[in-house]
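Right after this note come the structures.
In what comes next, chain A is part of two complexes: it sits with chain B in the first one and with chain C in the second one.
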Partner chain A sequence: MEARLLPYFLILPVTLFLCLFFLYPFVLVAQEAFGTENGFSLDNFREVVSYWKFPISMKNTFLLAAAVVPIQLALSLLMATMVTKMQKGRDLVLYIWTIPLGISDLAAGIIWLAIFEQSGFLNSMMVGLGVTDQPVSLLSYQTPWMVFLAIMLAEIWRATAIMLVILVAGIGLIPKEYYEAADVFGASRWKQFTRITLPMLRPSLQTALILRVILAFEVFAVVAALGGTLFPVLMGEIYAYQFDLQNGGAAAALAIIVLIISIVFTLIIMRALRVPKGATI
Partner chain B sequence: MAEIQIKNVAKNFGSYQALHDINLTIADQEFMVLLGASGCGKSTLLRIIAGLETATTGEVWIGGRRVDHLSPKDRGISMVFQNYAVFPHLTVFENIGFGLRMQKLPDDEVKRRVERTAGLMHIEQLLKRYSGELSGGQRQRVAVARALAMEPDVILMDEPLSNLDALLRMEMRAELKGVLAESKTTAIYVTHDQVEAMSMADRISVMHQGKIVQAASPIEVYRDPAAEFVASFIGNPPMNFLPAKAAGSGRWTVAGQNFDGPASGKDLKWAIRPEDLGIADAGFGARAKVVEPLGAHLLVTCDVDGHQFRAVLDSELNVKPGDVLTLAPQEGRGRWFDPETTLAVA
Partner chain C sequence: MTAVADVVAPDARKAGRGVYRTGVILLCAWVIVPLYLLFVNTMSSPETVNSFPKSFIPEFNMGSLNFFMGFQGILMALWNSVVVAVLTMVMSITIGAPAGYALSRFEFRGKELFRLLILLTRAFPLPLLALPLAVLFIRTGLDDTAFGLSLVHTTLAIPFAVLITFSLFSGIPLELEEAAWTLGCTRLTAFTKVILPLVLPGITASAIFAFVISWNEVFAAAVLTIENRTLPAFLLQTLGEAPLHLKFAGGFILVVPALIFIFAVRKYLFAMWGIANR
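Let's look at the complex of A and B:
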């Protein structure tokens, strides 16, 4: 086979697979979102956007992402730096830290529910320590900030490791010699982090952030388990349209909106963490 | 004032001993060249002085201060790395100015110094580029400029010109030497290029298998090698060796010729530089095996008494393989070595 064509031949199976199981369903969803009996229309979008729960679920999703992602970024950077500096036991620590990755998001939500609910660990502990006389309802409509906090904690616990893994790999790729040079030329540890590690980590930060931000817009099961209807988010609304209200068109339209948000954020992140031509390792 | 003292420094990597008991003093403003074959420990010694590696035993003093426990940035040094370590995410300008930025110098001072050192290294037209867009030689010059821009008391250079073409290297050599002399910088310069070592050094330290065999002026290293290793490592072609038989009371017989030599009881080796030989009426009988015209000279590899023997002769001479020449050494240029210790005998 001609060498020029070989790469295309080799990626053919994956391409076909993606077309069949991604592109085709996507076209169907788009059709459903934009189509009504009388051809192309934006009716579904109008319906979705004008519904009273749309602004609040949009706000909640963004709020959650804005609260969780920066904390996760800082945490995963800190953890990755610590792991990289370790001489011994590095793999073990990494395994332990990545355990939450192996747990489904619904299970994660349920674990945290077991902590926060009225008969949960936290309440038993507070009663045991005498902080409160009797168990209090932590996750109720009277304490929305507590619901938010619980969801935040669960999300941070569940999905920091995915960034951690990417960043650990990225930091491992930065040659030691750059730190030696920085050391000789007078950069403190902190300066080495901001002047060497962070800029050289841009490709990994890009990947980690895109992945994490997209996942943040897709948050669903954890919220469902901990907040129920107290904390509506976009994905929850899609679920409700599709299965509770049996309105496939509206569900599809909302899904497209989430997709557009994800694409916009991906582009922003790619642009913000762009590596100039010629500046790669 | 930045005198460097290395006291009893040894370095082990696991069970491998890379440096054995190194003692060396480099005077203030001296240009010291570390010369030796690949893997002899030059970079290791330099990195210990810089603080990038810790010595297994021994002490390093810079400017009268013991610096072993100090981190590299507190030692008052700057360095050119063997692998350049030019930051890929910074432009050439920011690379050269990196250390100055860390010292929080004002922008105009950074600009002045960066432009000056970039000019010295002939890379002023590259200042806006990233290192991914540079050739190896250009990157190396960025590394040198970055070290010079610091205007340090001590500069450590690990083969800083190894990747340049012959012409540029010659130019940079002179340039570098001039700048460092002017700024009164103490320099340690690692190379395995003897010409570079000879032409730049105030003193050369010849290293061999983790030891310093000789530390002396270039001419002394060349004329009076302290050991057989130095004699055969320095000079191209290297020194010739012939076994010498004692003929009593300081008289020696070397391949049938009689010489005055040291009053030693055991057999020695006699050595002579190929360029210290000439055609004469009386001398060694040498059968030419290979004749290589080198332009200015004729390099003749011969056989003397069963030993390989090279002579650098006038290129006008008409010598063919198979000819028998009579070669006589120049007066006072023969040297003596003890075959057991391999050290020079006076």
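Let's look at the complex of A and C:
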């Protein structure tokens, strides 16, 4: 094999695979969304947007992302800085903290269902402590805030680990000399964090936030397990269009909307946390 | 002034360390306690799971698990999950690893474009791709098959496979390979005899990662399978009507491999993200 062609030969399988199963499906989904019998039209979009559940599911998805992502960002930054200073038991603590990384959203939803369902552990504890006399129905249409809280906790519990891993890896790449120099000049821990860690962590923060925000818009199984139909979200509506309503065009149109939201947010995050040209660690 | 500072500092530091330690322990508990509660529910008889109040101590009754294993279609779903995950693992590594090697070893035209394509896949809600593929698969006869679903899961796992193997190969000095060439190895034998043994543990880790991605995926699995459901898709479908003990036992079975796998790959978890970010 000629050496000049070898790299192309090596990347050929991935390229072909992604063209076939990544780029091509996008074309298909767009065709399905914009196309009807009479050619190009926005009918699917009109139908989807005018459906009464659309504003609610849109609001819920955004509300959830807005509530969950900042907490996760703060929590993962806190955990990452805690871990870097740890001398004893670092591996064990890191293992425990990264366990949720391997846990599916469905399993996470089921785990928090064990806590929040009517005969669950939260009720058992409240009755045991004498807060209430009998179990309260926590996940019902009468308590929308409780449903929201349960979903929020499950999301924070499950998906903080992915940000933690990226941030811990990123902090590991920051040269120790910077902190030593800061120590020499008497900079406080907080100042070191805001002046060294945060700026140097930009590429990792970028990756972590993009991944996390995309995942937040994809929220589906946690909600299905905990809220059922009480808390409609965009992915759940897509699923409902595809299966319950057998309306592929509408499902595709809603999918395009989710895609556009994801792309817009990716661009915003990339712009907000862009790494200056030529600045590398 | 200095005397005061000397007196105050140790106390403040001790208090700080106390807060720090409590924080670490609380955060560990935050992860473990919900898992423990799921374990308690799984290890209880169906009657206990549906009764009130709940005991916080497991009674080690296999009733729920037995019910789960005997439930119509569960074993098949479990088997499907394993098949899809293994197929995903094999495909994403065999397709992804060569590209990771190419990225780490060669400068070639279009390299940046290729990297962009890989990174782009991470910025999209990939499970949505299952929608158009559902139609395509019906036309090609891949609908409702483990292979069809594993193709979608491979799309999910491939960016990780490429970036992880890229960082693995980058960690091995080119000089090692060059030394092998001067000693009479061809490009291929240098790779199989020198490089491969060195990266094999890391490749295994990224293969396990691919397995977990597929094992956990719900949306695409639910869209693309009807008869041959994977475990997550099966559980999702029965969420509405299934009894509580079935849900909890199912959740537990979903979680166990994840616990083992994260333990197995913990050493690589951070190394592979470190370089994958750049």
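In this text, the second predicted complex is superposed on the first by the 272 of 281 C-alpha atoms of A that agree within 3 Å, B and C clash if a C-alpha of one lies under 4 Å from a C-alpha of the other, contacts with A are read in each partner's own complex, and residues count from 1 in each chain.
The rule we apply is simple: contacts are C-beta pairs under 8 Å (C-beta built on N, C-alpha and C of every residue); 3 or more make two chains touch, one makes a residue touch a chain.
No experiment lies behind these values; they were computed from the predicted model shown.
Chain B versus chain C on the shared chain A, clash or fit?
Partners fit side by side after overlay.
Could you work out the angle between chain B and chain C as seen from chain A, using CA centres and rounding to the nearest 10 degrees?
80
Answer with first, second, both or neither: which of chain B and chain C does A:Asp183 touch in the superposed model?
Touch partner of A:Asp183: chain B, not chain C.
May I ask you to name which of chain B and chain C touches more residues of chain A?
If we count touched residues of chain A for both partners, the winner is C.
Under the stated touch criterion, which partner chain does A:Lys191 make contact with: chain B (first), chain C (second), both, or neither?
In the superposition, A:Lys191 touches chain B alone.
For A:Ala66 in the superposed arrangement: first (chain B), second (chain C), both or neither?
Once the two structures are laid over each other on A, A:Ala66 reaches no partner at all.
Who does A:Val264 touch here: chain B (first), chain C (second), both, or neither?
Neither partner.
Regarding the shared-chain residue A:Ile111, is it in contact with chain B (first), chain C (second), both, or neither?
A:Ile111: touches chain C, not chain B.
Check the residue A:Gln242 against both partner chains and state whether it touches chain B (first), chain C (second), both, or neither.
In the superposed model, A:Gln242 contacts chain C only, not chain B.
Look across chain B and chain C in the superposition and give the shortest C-alpha distance you find, in Å.
After superposing on chain A, chain B and chain C come no closer than 9 Å at C-alpha.
Overlap of the chain B and chain C footprints on chain A, residue-wise?
Residues 280, which sit in both footprints.
Provide the residue numbers of chain C that touch chain A in the complex, in ascending order.
Residues 20, 23-24, 27-28, 30-32, 34-35, 37-38, 41, 50-56, 94-96, 98-99, 101-103, 105-106, 108, 110-111, 114, 117-118, 121-129, 131-136, 151-152, 154-155, 158, 162, 187, 212, 215-219, 222-223, 232, 235-236, 239-240, 244, 247-248, 250-251, 254-255, 257-259, 261-263, 266, 269-274, 276-278.
Can you tell me which positions in chain A touch chain B when the two form their complex?
Touch residues, chain A against chain B: 175, 177-178, 180-188, 191, 195-196, 199-200, 202, 275-281.
Quick one: which bits of chain A touch chain C in the complex? Just the residue numbers, please.
1, 4, 6-8, 10-11, 13-15, 17-18, 21-22, 25-26, 28-29, 32, 78-79, 82, 85-86, 91, 93-107, 110-115, 117-121, 123-124, 127-128, 135, 157, 165-166, 168-170, 172-173, 203-204, 207, 210-211, 214, 217-218, 220-221, 224-225, 228, 235, 238-239, 242-243, 248, 251-252, 255, 258-259, 262-263, 266, 280
Which residues of chain B touch chain A in their complex?
It comes out as residues 50-52, 71-73, 77-79, 81, 83, 85, 87-90, 98-99, 102-103, 129-133, 146, 150.
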